[in-house]
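Which chain is which? They are A, B, C, D, E and F, in the order written, and residues in each are numbered from 1.
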Amino acid sequence: MPYVNIKITREGASSEQKAELIAGVTRLLQDVLSKNPATTVVVIDEVDTDNWGIGGESVSVRRARGS
Amino acid sequence: MPYVNIKITREGASSEQKAELIAGVTRLLQDVLSKNPATTVVVIDEVDTDNWGIGGESVSVRRARGS
Amino acid sequence: MPYVNIKITREGASSEQKAELIAGVTRLLQDVLSKNPATTVVVIDEVDTDNWGIGGESVSVRRARGS
Amino acid sequence: MPYVNIKITREGASSEQKAELIAGVTRLLQDVLSKNPATTVVVIDEVDTDNWGIGGESVSVRRARGS
Amino acid sequence: MPYVNIKITREGASSEQKAELIAGVTRLLQDVLSKNPATTVVVIDEVDTDNWGIGGESVSVRRARGS
Amino acid sequence: MPYVNIKITREGASSEQKAELIAGVTRLLQDVLSKNPATTVVVIDEVDTDNWGIGGESVSVRRARGS
């Protein structure tokens, strides 16, 4: 019954990669806490680099500067 | 003053249906907990079926398989 | 398969009231969008009044002032 | 190490304005709680006005009515 | 730079189990999307069974009924 | 009408400090985007250090090791 929300920057993750994240985190919750995979919900949010900040700057600005 | 976040898969919910969700959940909080509707905030997130997982699989994969 | 998160201030909502919220919002999603109640997840967060702000003030301060 | 999520309606906030939000909230957490800006994460979600409700109505409906 | 939020019912997960979830999901994001573990943030929320609903009922009620 | 969620580790932030965060972020949204402070909602979550991970480890473990 767990609910997992994964937020990443929108930078071209493929359907296959997102499927791997869903499968992997569902398996992890089953392995560690015996959670039933049938009711484990995973939601992936892809966030524009303008809308993601770290270190007081957007990721867009950091990427443009090369860091 | 409540805050409600509703996450659904992006599959064509209309503006009218989303308005019904907003009205309905605001009324529910007023009926059950006497919350003031004027300051009840509702945010609906529509999530691509590639980005929603249940049972260890994305909804896209489940739909394609017919389950 | 929807996921709903309801945030309210922690002010003594009873188990019965929380059960009503869970039942009500699950029914709403079934009525409006034909969502399967079996996989609708609802999580209620009760937040201390010191930790909830509106109008630039915490709810604790507003309550103490009588507004 | 804080994580901040800012949700606003999608109404044309510019990259510069979003950069100001990121910088400002990171500085606030440093000033008030001495949080390290290097690991402060800020995520801004812009939400369609159809998907944001207040007072039991969507923002789209309120704007159309002129309130 | 990913942010992951894991919500589970509060039913006695140990510090060791929570550490395994943190390590596992951080590794998964590195393996699948080459995300830097140093800036991957994981937040685990443990939710009272009265406050978690599925199938229109709280987990407390379901557990009491034996399902 | 913005909604802001601030997550920090639970390490003794005072009511005054939390009030400063609420006031500061509400003012920031007014200054940058002309958002009405009366309907800006801020929710602060304080998270146990066992439940917060960065770099693949919980903050509890990092603190114990002195990093």
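Definition applied: contacts are C-beta pairs under 8 Å (C-beta built on N, C-alpha and C of every residue); 3 or more make two chains touch, one makes a residue touch a chain.
Please read these numbers as outputs of a predicted model, since none were measured by experiment.
Asks: State the smallest step count from chain B to chain C, taking one step as a move to a touching chain.
Replies: Between chain B and chain C, the shortest chain-hopping route counts 1.
Asks: What chains, if any, are shared contacts of chain A and chain B?
Replies: C, D
Asks: Can you name the chains that touch chain C as well as chain E?
Replies: Both chain C and chain E are touched by A, F, going by the contact rule given at the top.
Asks: Starting from the mean Cα coordinates of chain B and chain F, work out the distance between those two points in Å.
Replies: 25
Asks: Quick one: report the Å distance separating chain C from chain F, using the average Cα coordinate of each chain.
Replies: 20
Asks: So how far apart, in whole Å, are chain A and chain E when each is placed at the average of its C-alpha atoms?
Replies: Inter-chain centre distance comes to 14 Å.
Asks: Counting only residues that touch at least 2 other chains, which ones in chain F make the list?
Replies: In chain F, residues 1, 3, 7, 21, 39, 41, 43, 52, 54 touch at least two other chains, as defined above.
Asks: Connecting every touching chain pair, does the picture come out as line, ring, star, complete or other?
Replies: Topology of touching chains reads as other, fitting no named class.
Asks: Where do chains touch, given as pairs?
Replies: Pairs of chains that touch one another: A-B, A-C, A-D, A-E, B-C, B-D, B-F, C-E, C-F, D-E, D-F, E-F.
Asks: With touch defined as at the start, can you tell me which chain E residues reach chain D in the complex?
Replies: Residue positions touching the partner: 1, 3, 39, 41, 43.
Asks: Contact residues on chain A for chain D in the complex?
Replies: 7, 47, 50-58, 60-61
Asks: Using the touch definition from the top, list the residues of chain B that touch chain D in their complex.
Replies: 15, 18-19, 21-23, 26-27, 37-46
Asks: Write out the stretch or stretches of chain E touching chain A in their complex.
Replies: Per the stated touch rule, the residues are 1-9, 13, 17, 20-21, 24-25, 28-29, 31-33, 35, 39, 52, 54, 59.
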